[in-house]
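By letter and in written order, the chains are A, B, C and D; residue numbering begins at 1 in each of them.
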Amino acid sequence: MPDKLTDIIEELALANRILAHEGVLDAFGHVSVRHPTDPGRYLLSRSRSPLLIEPDDILELTLDSQPVRPPKVQLYAERVIHGCIFAARPDVMAVVHHHAPAIMPFAIAGKPVIPVFHLGGTMGEEAPFWDQHDEFGDTNLLVVKPEEGQSLARALGKHSAVMMNRHGATVVGGSLKEVVSRAIFMCQNADYQLRAMTLGTPQPLYKGEVKLAGLLSLLPNVVTRTWEYWSMRLAASGAMPPRKSGTKAARRPVPKTSRVTPRERRKGRRR
Amino acid sequence: MPDKLTDIIEELALANRILAHEGVLDAFGHVSVRHPTDPGRYLLSRSRSPLLIEPDDILELTLDSQPVRPPKVQLYAERVIHGCIFAARPDVMAVVHHHAPAIMPFAIAGKPVIPVFHLGGTMGEEAPFWDQHDEFGDTNLLVVKPEEGQSLARALGKHSAVMMNRHGATVVGGSLKEVVSRAIFMCQNADYQLRAMTLGTPQPLYKGEVKLAGLLSLLPNVVTRTWEYWSMRLAASGAMPPRKSGTKAARRPVPKTSRVTPRERRKGRRR
Amino acid sequence: MPDKLTDIIEELALANRILAHEGVLDAFGHVSVRHPTDPGRYLLSRSRSPLLIEPDDILELTLDSQPVRPPKVQLYAERVIHGCIFAARPDVMAVVHHHAPAIMPFAIAGKPVIPVFHLGGTMGEEAPFWDQHDEFGDTNLLVVKPEEGQSLARALGKHSAVMMNRHGATVVGGSLKEVVSRAIFMCQNADYQLRAMTLGTPQPLYKGEVKLAGLLSLLPNVVTRTWEYWSMRLAASGAMPPRKSGTKAARRPVPKTSRVTPRERRKGRRR
Amino acid sequence: MPDKLTDIIEELALANRILAHEGVLDAFGHVSVRHPTDPGRYLLSRSRSPLLIEPDDILELTLDSQPVRPPKVQLYAERVIHGCIFAARPDVMAVVHHHAPAIMPFAIAGKPVIPVFHLGGTMGEEAPFWDQHDEFGDTNLLVVKPEEGQSLARALGKHSAVMMNRHGATVVGGSLKEVVSRAIFMCQNADYQLRAMTLGTPQPLYKGEVKLAGLLSLLPNVVTRTWEYWSMRLAASGAMPPRKSGTKAARRPVPKTSRVTPRERRKGRRR
């Protein structure tokens, strides 16, 4: 029996690993998704590096970022980032918080990432900055208190992303696949923008182009292509997540990688 | 029985994967080749990321970019890039459209890639720029309408490549192997040119050198060496494409990689 | 029977390989740890590249960097770096000396690495510089004489790291895991700081933030997460060190990687 | 029976692959070694990408770069680089010609690589530049005529390396292992030097330091460590060259990689 919650939990584990494999997340950072049937809850892994997350690591939390069931595991210190944004933005279905190398120079120099190529349009107009020090003074820069999370959510406003000075960025989307695409393309955009500055002044997209190109990553054509590509790259690295335990292993087929096994090579069935 | 069409279809799948493995194509971008016996048709994959393309994904299209047989699969939105160039340039046998990280800073800053080392000569003199906004105003920057494709082909003119502002580049060649070499060496050239700017002013090739060095990648000596190298790198990553279904699997031998299998290592047949 | 010395020797071999796999050490560089029960001794590998070090390569040395047992193997020429720092700094339990690509531009330009993001706080305030030429004139830049090591230790003072002009850096910590984290995060910080300079002027952490963020990498939550992540990345690359010979192989379990074996894939036990 | 010629041929195949794996050579570039018993001959591969070269590809050439035995294979067009240098420099035992990404910005901007860290001392004082256009006008920039090779050898003079404008570099050494180390460390030096320019003005080694540090890579301690490291990295990638055919396969043992086979993991013999 297909099960919406199991599906989204497995997709969330996969999203964690895709974002890690594509260089958005590393030892740190996290991605969450709103509960598929209860908008007052969201799903997030226990405290663990994203490349290692399995469906069984995923927990249910309320919008004040408390676990629904008493946890036997460590939780992310910064889970209020997710809870406060889900509370403030009913349209948001998924959140990524990260410190990707591509965006760090911008977070450190306090300079905006601006859409400079068509897929960069995914991030929407220039993302606002939030400096934790402005409101909270000296901290260890982790967003752990509810009021810190709420302040960040206010800075995000209606935008698709918010830059965090000396820390990283937080990106939101209308679905898990949308937020994964947005996070990846925003990082590509930042990388290209920075290197373009060695040559001269980057020419941003026209405002109308941002609007139109911003919808590109939602085209079924594009979603199908990118999700297959990122999944296959992950699979080829040997890091696909296991299935959720207690589910029928055969329900979702093993992704067919393009790799030829030694056995197949010997048999000559595929080149 | 050897079959020209099957051969070129398998070579096109391989070219897709080589270009992806060498960093020219990623989730996006595409490479096409003119039909070997009907110059009024060309071959292009269904909508799929290049690293994953198999011979069975390749479709025949007319020069107005319509599939010869009613397709059961999604097509690339931007296939007019290929059709319009094949129509405008009878000498062109293969086309690559890409957004390689190496050329994006130039496409974004609007600065020309110029040949700065011998293999960079492959791209010919400075490639012209085409800005979709000039003629078509706000778009999502995809080249999807025939008049957009025709405009791009006009900008390409007699050149070997055309830069596309805020989008990428399109490269053409007299054969599949030529266009693959040109796309790869133009990316290397762009990378070296950009980094040379940190040191001072890059010294471009002399005009006469561009002409002479531009023929380097067509030397049989060079084609043999590069094609073996890129194929072996792809094979070593485990990503060689399968054969076209319905063909004799044994016709083209499995490329002998330099990797030693565990079995061989145990047997001590090769070090 | 668990054994403190064997444990720390195996952890030291692992630390060597983690630092190599994460890009801090390469053919060169070394990491040491103070003897767990005798503060007058420390543990360091024989002369070997860190990625290849096995527990059986680890030697005991006195604080004047003489091997406790007559060695049958080559020793690192620069072991006085470790001995002199352990002698001067009773609080230091572990030392890394490295030439990581990320910090070399700073060691060469003589510009300080400053904490610019939360995890960069791990390095503490700006590290001092030590120029071997100031005191010792022309050398081959290796720190081999006791007085060179002592001079370096004086320059380090109470800091967590010292930059070495035209050579590299040396980083210290209160434990092996702390020094590994500090070395890795200081390199990330240097990389981000350098790239931020293309955009403008990096904004360093506030002094109070350095203090608070400097404790982040000691949080059990963080140590657990990073150590699992770095170990798993190393394991996935196939480069985990062997066990110390003569110990029960079963005592420490094989780290469960997230990779699926071909056998498991065939059996469909995990996706 | 050990055989000097077979040994050096196998070492040359290994050197080719190490230089390719470490990013000095790619589809192009070549490394040669003087014949171990006949100083009037040298050894060089047939025209092939270095990562793929096997002992059976190695040919004997005279100092005027003619093959000793009539070849059935294609030769490198640029072999006169090697022949002319071996003729002009009796002290030189090995030559590498390359277009490594690290040195290309310098070859393009016409700016000298200068030793900026201890291992960079291996390249000796600043390498001179040679511009083929000065003497030969417009060419395809390949060094193919004897007079071109002789001109390059004159520019090299007594130095350890010569930069080639808009083309690459050529590096020489007193042995195969020395030239491999020199080529690799000179590339590292170039990379660090370029990135240091983002921060300020790189501080070169003092003249006396260049002299002393220039001997570092010849220390037995260092040679042993680097050769083991580079060989193991190559072996771990699966790309070790096969043995020369017709020799006893067992003579040189298979390098013990640090990788654990699945079989060993199951047996728990090593962690």
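The rule is short, and it goes like this: contacts are C-beta pairs under 8 Å (C-beta built on N, C-alpha and C of every residue); 3 or more make two chains touch, one makes a residue touch a chain.
Owing to the predicted nature of the structure, the values given are computational and were not obtained by experimental measurement.
Undergrad: For the identical-sequence pair chain B and chain C, what's the CA-based rotation angle in degrees, nearest 5?
TA: That pair's rotation angle lands at 180 degrees.
Undergrad: Please tell me whether the contact surfaces of chain C and chain D are same or different in residue numbering, using the over-half criterion.
TA: Counting which numbers both chains contribute, under half are shared, so the two copies meet through different residues.
Undergrad: In terms of CA centroid distance, which chain is the most far removed from chain B?
TA: Of all chains, C has its centre farthest from that of chain B.
Undergrad: Please compute the C-alpha centroid of chain A, do the same for chain D, then give the distance between them in whole Å.
TA: That pair's centroid distance is 43 Å.
Undergrad: Hey, how far is the Cα centre of chain B from the one of chain D, in Å?
TA: Taking the average C-alpha coordinate of chain B and of chain D, the gap between them is 31 Å.
Undergrad: Find every residue in chain B that makes contact with two or more other chains and list them.
TA: Residue numbers touching two or more other chains: 197-198.
Undergrad: Can you name every pair of chains that touch?
TA: All touching pairs, sorted by chain label, are A-B, A-C, B-D, C-D.
Undergrad: Enumerate the contact residues on chain D facing chain B in the complex.
TA: 26-28, 47-49, 51-52, 54, 74, 77, 99, 101, 104-111, 133, 137-142, 165-168, 194, 197-198, 237-243, 249-250, 252, 254, 261
Undergrad: Could you pull out which chain D residues touch chain C in their complex?
TA: 116-119, 121, 188, 191-193, 195-203, 205-209, 211-213, 215-216, 219, 221, 224-226, 228-230, 232-233, 236, 258-260, 262, 265, 268-271
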